[in-house]
Structure formats: C-alpha cells, structure tokens
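Each of the next two complexes has subunit A plus one other chain: subunit B in the first, subunit C in the second.
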Partner chain A sequence: MAAITISQLTKVFANGVRALRDVDLTIADGEFFALLGPSGCGKTTLLRTIAGLEAPNAGRIVIGERDVTRMPPGPRKVAMVFQDYALYPHMDVTDNIAYPLKIQRVGRAARRQRALETGSHLGLAGMMDRRPAQLSGGQQQRVALARAVASHPQVFLFDEPLSNLDARLRMEARTFLKRLHADLRITTVYVTHDQSEALALADRMAVMDGGVIRQVGSPVEVFQRPANLFVASFIGSTPMNLLDARVDGGLVRVGPDAASIPESARGLVQEGEPVVLGVRPEYAELHPQRVAESIAARVVITEHLGTAFLVDLETAAGPVQVVVSEESPPDTGDDVFVLTNPQRSLLYRRDTGELIGPASSLAGLATAAAR
Partner chain B sequence: MAEGTLPAAPPAADTRWLVRAVIARVQLYVFIALVAAFFALPMAWLVLSPFDAHPTLVAGLAHPTLANFADMFRNPAVRGSLLNSVLLALGTMVVVVATAALAAYALSRVHVPGHNVILYVLLLFSSVVTGSAAMVPIFLLAYDLHIINTITGVVLVLAGGLLPAAIFILKDFMDSTPASYEESARVFGAGPFQILRDIVVPLVRPGLAVIAVWSMVTVWGNFLTPFILLRDPSLTPASVQIYSFYSAGGTANLRLISTFGLLYTLPVVVMYLVVQNRYGFRFYGGIKH
Partner chain C sequence: MPPGVPGGAASAAGLSRRWAVGFLTPAMLLIGVFLAFPAIWTIYLGLTDFRLLGPQALHTKFVGLGNYQQALTGGDFLHSLYITVVYVLLSAVIGQCVFGFTLAWVFRQWKGPLRRVMESLIIVAWIVPGSVVAFLWLAYLQGNIGPLTETGTLNTILGGIGLNWWLQLPMLSIVIFNIWRGTAFSMLLFGAAIQAIPPSYIETARVAGASGWQLIRDVVIPRSRGHILTNLLLISLWTFNDFTPFLLTGGGPGNQTQFLPVYVYQQAFQQGALGYGAALSTLVLLINLLIALAYMRILKERR
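And then the complex of A and B:
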C-alpha cells in the first residue's frame, strides 16, 4: 500500500526521442489510476520508469515513503502485468504464479500453497498444472494477474492488459479487475489506449500526449470538461465538435450564425476574442426551424448507433456531428438548425487551446456521469 | 511423379512418348541405386564386419562371432582411448556450453557497438584455429603455457575453436526469447544469474542441446589437435588410436579396425537420435509453446 509521487520526470532515449517531458503526477494510496493517450505518447515508458526497467534522465519517483529513482526494480515492490503477459512457457500455472515467491525465497510447500490460493481466488483452480500454451487468452491474463497478486506488491502496474482479449472477454476481465481492486485496494497504474476502459475502471486518470500530461482528473471531469483542445478531441466515443468562433456581444459567432456563450465561460472572454466552441454530439439538438442562436446545417449522412442516430452535418463553419434520439432521425439533404446547450458546451482560447473557465465540472453536472 | 503428372500426348506419338518416359525412369532408378549403394555399402561393412571372425574388404557375414568385441575389450589401449575420448568430448562440451551460454547472453542483451563484426571475425578465425595452418603456433603456445600433453590443453584448444560458432548459434536463440520474460522476472526481483538459470536457459534448451551434441561429435572425430598436443600414449583418444591398428608389416588389422570403428561410431548416432527426438535439430531460435 503506497502512494506514488512523480516529479519532473524526464526520459530521453538513446536515439534522442523525448518520451517523457517534466512529468509531475501524484497517485494516491489505493487509487486506480489510468494513463490514457494515443499511441507513442509515452504511457509505456512512464510505467516502465516507475517499475525501474527504464532509468529516467531527470526527476524523482517516490513510492510510499521511499525515493526509488535509482533503485533496481526488485526492491521497489511493484508488480507489472505486461501486454503479452510474459508467462513463462516452460513452467506450469502453479510455477508461474509462484515464481515471485521463489525469488523471495519462500519455501516450496508454502509457495505452492499460496499459488493455489491465489489461483483459486482468480478462478484458476482447475488448471494449475497446465502450461500457458494450454490456456485461453482470458485464462492467461488471469494467471498473469495471479502472479502479480501473489508477489504482494505495493503497486500494480498494468500495460494494456486487456488488449489481447476479444470484446466480450474484455468486458468480463474489466469487471474482474474492478472487483480485484475493490478487494485488495492496491495502488494501481493502468495504461490503456481504450478510453472506455479508463472511464469504466479508474478513480482518476491522466491524458498524455507527446510525453506530456495534458490533463489529470476523475473520468467525469475529463469527459465533461476536457482541459484543452487535445483532450477535447481525444476523449469521447464520438469526437467533440470543435468550431472556430469569435466572441460577439453575448454570443459566439460561428460563421454567419451564432450560438450562446457556454455558461462556464461567461465573463471570462473579451469582445472579439478568437475562440473554439466545443460541443459534444450528445449535447446538441437538431431543430427543423431556426430557433434563437442556432447554427444552420444540412444533413449529409445518418448512422444508426443502436439506441440513437449519429447525424453528420455540413455547416458554414465546417462539419458537425449530432446524436439524436431514435424517434426523429432527419433525412439526408434536410436543412436543420443545431442548438447548443450552454450548460454543456465549452469554450477554448484559440491561441493556447486551453479551456476557458474552471477546470473541474460545476456542481450538478458531475452527477450526469459519462459512465 | 505418377502417371497423372505426365502431360497428355497426341495419340499417334503416344507409344513412342511412353517408351521414352519409361527409359528415362529406369535410368533414374539405376542412378539412384548406384548412389545409394555407394553410401550404403560402407555402412553395411561397418555394421557387419565386427561380427565376422575373418573380415575382408567385402561386406558380409561369413563367420558370425562376438569374439572380436571380447578381444578388443581385452586390449587396454582400446579401453583407455575410448575413455580418453569421452573425457575430451565431455570436457570440451562443458566448457563450450557454459562459456557460450554466458557470452551469447551478454552479447544478446548488452549492445556492444560492432558486436556483430566481432562475432563474424571470430567465426572466421575459428576455422583457422583448429585447422592445420595454426598447429605450429598452437603447439608453441600450449608448450609455453605448460598444457602440452594434458587433456586440459586439448580441451581448451578445441573449445576455443568451437566457441565462436557456438556463441553465434546460441545468440540467435537468446535473441528470440521475448524481453518481457526477463523484465517481468526483474520486476519480481530476480538477479541476472537467477534469470539466466530460471528463464533463459530453459527457453534456449534446444539450442544448448544442439551445441552440446555438436561439440561432442566434433571433438570425438577430431584427429589433428590431440595427435599433435598429446605425447603420452595413455592419453590418446580413440580418433588417434584407430591409426595404430596396423600390424608391424603395415597391413590393417581388419578385425580390430571394424570392431573399433563400430564402437567409435555408435555414441555419435545415439546422441543424434536423442537430440532429434527431444528437440529436433534447430540452428535458429524461437519459442515453441
């Protein structure tokens, strides 16, 4: 059980790639923390640096009370689950789970006993003497988890542990991980590039890009109020609409049309300031007639999402997507008007790309969670 | 190669075509039979002659007997030479496998600049080391190191010649074991030797087996190095001993040579079969689940 404090962490690889730039991060004791970001942004590197498999060029890592920056991996007392699980093909499940204990010099009988306990806890009781090659992907993943659990670490480090599973198994494993974390309450850092995983599992999450952390917050905060244009365009099952706009009177002008200023940005912008209006497709409405402060659009295509329709629109300011309910899908070629919800829409400064207004969600909004 | 594969010919030319095909086929079989006989006859001689009381240069079993074996084992030089061969082969094998495993592991994991060049140059020179060209300097070196006329000296020289190729083959096996296996062990706190023993060695075991058998077989058959470095007849290995089975007049003692030849060949065949059965001969890495 330990908190992780990372300060000013920088990692430059021998080939000159700056994989981490001045990363500051605090992960609380017992927290389930997700690291999210596009491919190549440095998630794995951050995780491996915490584990001690990579030495940072600058900065400090503290786990619990101990500065582990220059410590080899073993004494850091972390357990890592690799994307390929790294199960030893020449050992059976028992020996795989017991291997950390063997290194810790636990006696053979005690080791087998503990491997069996952990294995049964994770639903592996019937397959303790199989080799990894004789297990399904989901079972292999549980063996890797069991091995991590059996080593009694202070911290779990997961590098995309579910990415090798098919969609259904992934859902099961997700629930499983959540339960395991609820049981053990071990500080967990979880790397993923699947945002639904991060949203579903994490207490808090960080969004990374190019070796930099772009936002840290609860999944609700990150989903509701992305702190900058990068996070805004990255988070969400359908990407947020980002429209170039300009502050004009009490409105934001979008091409020839206008929308109301998002509530959280009121009083914080200057007349004529160039901004970007952010509207989630889920938080906009379509109207057949012009209503006050709406944006004229034409329907290009309609996609069925199962429980709703995703409507692709063309406006004078560029393409816009809106999710509408099942009953009222418009036809292709219809002229419609997009009404934004000022409580849910966001405003970004066009020069810096930063969110205008408070970073965390306003009271009341948070309850309408993205989960 | 059955009739089905013969292209259809026009009916008029049918018979002529068929005759030509049959003749071609007959010629092929005759040729194969000759080649097979060329290789099989010595084998037959090797297997049959030891059991013949009066072996000649003709393969056959005119007077079946086991006396040849009894005679041979009564000859102390024969027993000693087989034992010496075993010592040489095992000793060299242990040195080669242990050293090559460590070296290949290091070369595979630590990136020394230009390590491939080093390896290729070593590989090139290794054939020189055990070849006849280097025998004089090697003799002088062994003499100055006071390892002349010792089993140790021969083991070291032979191991030196085998090591580059052994490292080369093993490095490939080591390269193809995923780094995540070792990294996960490291995160659990394993040290380098623990990782080598628990993870790497079991994973490259087929490679180690190939290296072990290959070095034993090579040493078993090597004549020149022990012939030059060993003076004491009690140290002579089988590969050198076999040249002493001539009568004073210079004629070959076929009873002794054939019997000894069979015994001398058997370990190689057995080792090959064992490794082939357990691992299959592979000279490249890769995890077989």
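And then the complex of A and C:
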C-alpha cells in the first residue's frame, strides 16, 4: 500500500497532442480515487503513465517512497484492469489469475492456491478451470479483478472496468468493488466517465478537462460546490443551470428579474460585477405566483424521471431546468416563477469562470475534518 | 424447392443439379488432365524400368516395387532424404521461422521510413525469381562469373581469406541463402499475427513485470499458434521441394547438396532413368503428404 504523488506531469504524444499538462495530484494511501472527465480529456493517459505504460515528457511520479518516473511497469508493483479485461483466452481462470504470480516466480502449487483463494473470495470457485470464453461478462470482470488482487499490488489502476457490463450488473459490480476496497484498503485509481460511479465509489475524485485537472475533492464537495464553470456544467445527472447575471445590491439581476445572492458569495462581490448564477435543477422551486425574488418563466416541456419531473422552462435569460416532485407537475405553456435557494445556489466570476467563495461547503469541510 | 426450377433437387443458390454439374465439369476436366492423370501416370511409370534412351525406352518392362526397393536400400536416396530434412530444419523451421519472427517482433516497435525500407528490401529477396537471386549469390560468394568478381564479392569484402564458399561450405551456404531468400514470408505472416494481438494483452503482461522473453512465451506465441503452424507447413513444403539449390551447386560438390528434388531431376533427366525417377517422385509426394498431415493434426488439437 502506498500513496501516489504526481507533480508537474506532462505528456505530449508523438502526434503533438498534449494529453497531460502540468498535472499535480496527491492520492492518499488506501484512498479510492476517481478520475472523471469527458472523453479525450486524458484520464486513460494519466492512468497509463502511473502504470509506466507511457513515459511522461516532464514531471515526477512517486509511489510510496519510490520515485518511479523512469521505472518500467513491472517493478512499480501496480495492477491494472483494462476496459476489455485482457484475459488470456489460452489460459483457464486459475492460470489467468495466477499469471502475475508466475512472473513473480511464486511456485506452481503456491500460486494455484492463491488463485483459488482469491477466486473463491470473488465468487469464482466453481469455474476455476474454465476458459474466459466460457464466462459471462460479469464473471470475466471478476476474473480480471481477481488477477489484480492476487498479485498483491501497492496500487490498483482501473480503466473503466464496468463499462462493458449492462446496467444491472454494473450496479452489482459497483457494490462489489466498494466492499473489496473496504476489505483490502489498497490505494485505487479509478477512471470512469460515469459520474454516478465516481460519486458512489470514490473517497475523493478529480475532474479533468483537456489534460488539466479542474477540481479535486470529495464527491460531496465536487457535487455541491463545483470550483468552476466547467465542473459545474459537467457534474450532475441533469446539468446545472448557469445564468448570466449582474450583482445589484443584495441581489443578482437575471435579465429583467432577480434572484437572491448565494450565501457563500455574500460580501465577496462588487456592485455591478458580471457573474454567472449556478442553480441545480434539484435546488430550485416553481411557484405559480411571484414570491420574493424569482425569475419569470414559461413551461416548455415536462419529462418524467420516474420519481420526479424535469421541467424545461424558457426565461428571458435563457433556458432553465427545474426538478419538481411527482405531485405538482405544471402544464406546458404555464407561466411560473423560479425561486432559487440561496444556501444551495452558487456564483461564478464571468471572466475567469471561478467559483466565488470557499472551495468546499460546510458539509465538505465537515467530512474532510472527520477523516 | 424454389419455384421456377423444374425438376430435380436445387441447391441454396437455386441451381438444379444438372446446372451445377455443368459448371463444375470444365474445372474437373482440367484437374483430371493436368493433375490426376500425370500423378497416376507417374505412379504407373514408377513401377517400370522405363528409360529416356536405350533398349528399355522401347521395351519397357514392369518391375513391380523394384524401383522402390532400389531407392530404399541403396544409399543415395536415403542420403538425399537425410540432407533434405537437415536443410528444411535448419533453413526453414529454424532459420526462416525464428528469424522472421524476430524481425516481425523488432519491427513492431519501429515506425516511419526506416521500417518501410527494411521491410521492402526483405520482401524483394522473396519476390525476385529464383534464377536471378541464384546468379547474384553465385557472384557474391564465388568468383569467375563477372569481370569484377574474380574471387567473389564477399571474399573481397572479407579481405581475401580465399574461401571457396560453394566448395568448402556448400550446405552452410545454401542454408544461409535460403534463410535470406525466404524470411520475408514468415516475417509478413508473423507481423500480421502480432498486429492482431490486442495491446491490452501485452500491456497486462508488462504491468505484471514480464520480460520480453516471457511476453513472447506466454502471450505472443500462444496467440499466434495458428499462424506459426500454417507458416511452418508452407515453408517446410516449399523448402522441401525447392529446386534453387541446383542452380547454385548442381547438387555438389560430390553429392553434398543433392537434395531430393535435385536427386530426382538428376536420376530422371540427366541419367535418363525415368521409371526410377517416377518412383522417387511418388516417394516425395508421400513425404509431402505426411508433413502436411502432421501439421494439420497439430493444428486441430485444441490447447
């Protein structure tokens, strides 16, 4: 087990693509760390560079006490699970799981024993002499995990290991991974572009964009207080409403209307400053009459989300989405008023796109202190 | 039965049997005339003492298995068979296969023009006609063939050690020649096999700490088994039946490079013993068949 310290890491591919730009990141010992970001942002490249499969152009990687920047993959003592699992079709489950042990020169009997133990732990006991082709996708995924676990690495590196599973199996595997991590407490770096996965599994996470880390924090912090407009628009099952606004006394003006200024930004903005108001669809309310400072809107369409409705609205400042409870869906064409919650809404500077106010919410600070 | 095809059974393509037979007949006739008939004729000739010239040319006698007895008890055929097997093992199975694999593995990581130039050169050695490369190699290793090659180009390069390669090291020279000439095929085939291995297989082994050799042993070779066996089958048969050595050494010195095809040619056409030559050809055919069957057997075995 080991912490990972990455400093000033830069990777430029031969074709000129800058996949990583000055990445600084510290992952604590035993932490489950998720890397999240849109396609092509460099998540896989970062993971492969930690594994030693790509050589960085600049920067340092330290695993535990050792500087591994120029080390080949083997002695780094990491285990990687690929998206396609990379199980060897010419070996049975036992040999697949035991393969890293064979390379580590563990004796045949000992490694078969360890493969069986790990395999049984992951629910593979009955299929140890099958070939990968005779396993279901979920079982193959567990064999790949077992192979990683059995090699007793210092670090697990997972590259979207659940993306080949159907929705149901993915939920099961998620729980499974969480339990496995609770048992083993091995430092884990987990790449995904499914944010619900990151939110569910990770102790902390990083959001990447264009080879740069845009925010690092606990899932709660990142979800509640996205540090900049990119993260704000990326995180959340329904995207955050981002409305151009201007500071006006104790309010922010949004078009002809106004909303109360988010609490965390109070006292940190200047009169007349151009800002962006961020409101999650879950944290706004719809009212049939104007109440306090609210934004006039007209209902364009309502979508059923299962336990709630997502209402698409048109306002003078642009489209807005609001989630309302099952009981009170408005009708298309209704005139309504959007009331934002000043404890939950956020304010960003329009020029830099950075969040105004403390980086972590009180809730985030509380969990960080407890850790 | 599809409508509109009157009478008889019809295939999936909607052809009646009569049409199918009609389409097949020309091909069957050609195969019969140019393949089956000569083969049967050769087997028949092999049972006679037919000669190109002399009394036996007119009064050919049936000698039963006499020719075969002569081949299998006299030393010449067995000697030829022995050196042919050595030649196949050294130049094809070991030389071309190992060398071709090594090149394919090394070139895998190369990019850009250098690789294309190297590959093209190697492929040229393979596609140029045998008689042409044979001439080139004669000039390269032995003098008296062109104005500039008094002692052979290689000897000139090596600084006049005065070795007569074809006379003093005939087997080695031919083995090297055949490796040089045939490696391209193995290289291309293995190159394709290596390309087809998912990169994550190789990377998983590297992350586990596998060395280059372990990687080849545990991942690349098992994943290329089919390619390797097919390649071995083809190059074994090609080398076994290769006639180019005759162009280089004429089977000599003595009978040191008298490989089977050369021996058959010399017996049948230089000595004129057509009956004996036919028997030898039949034996070569059988050996080819055995090699092919052996490989197919291994190929079918599921591992």
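Here is the rule we go by: the second predicted complex is superposed on the first by the 362 of 371 C-alpha atoms of A that agree within 3 Å, B and C clash if a C-alpha of one lies under 4 Å from a C-alpha of the other, contacts with A are read in each partner's own complex, and residues count from 1 in each chain.
In this text, a contact is a pair of C-beta atoms (placed from the backbone, for glycine too) under 8 Å apart; a residue touches a chain by one contact, two chains touch by 3 or more.
Being a predicted model, the structure only gives us computed values, none of them experimental.
After superposition onto subunit A, the partners subunit B and subunit C occupy overlapping space and clash.
Once the two complexes are laid over each other on the shared chain, residue contacts for A:119 go to neither subunit B nor subunit C.
Once the two complexes are overlaid on the shared chain, A:42 sits clear of subunit B and of subunit C alike.
Once the two complexes are overlaid on the shared chain, A:52 sits against subunit B and subunit C alike. After overlaying the two complexes on the shared chain, residue contacts for A:79 are found with subunit B and with subunit C alike. With both structures placed on the common chain, the touch criterion links A:133 to subunit B but leaves subunit C unconnected.
Contacts of A:329 after superposition: neither subunit B nor subunit C is touched. Look at A:104: by the touch rule set out above, it reaches both subunit B and subunit C.
In the superposition on chain A, no contact is made by A:219 with either subunit B or subunit C. Counting contacts as defined above, subunit A residues 51-53, 72-76, 78-80, 82-84, 86, 88-90, 99-100, 102-104, 151 meet subunit B in one complex and subunit C in the other.
Across the complex, subunit A is touched by residues 198, 200-201, 203-210, 214, 218-219, 222-223, 225, 303 of subunit C.
By the touch criterion stated above, subunit B contacts subunit A in their complex at residues 178, 180-181, 183-191, 194, 198-199, 202-203, 287, 289.
Those residues of subunit A lying in contact with subunit B across their complex are 51-53, 72-76, 78-80, 82-84, 86, 88-90, 99-100, 102-104, 131-133, 151, 157. Interface of subunit A with subunit C (complex): residues 51-53, 72-76, 78-80, 82-84, 86, 88-90, 99-100, 102-104, 151.
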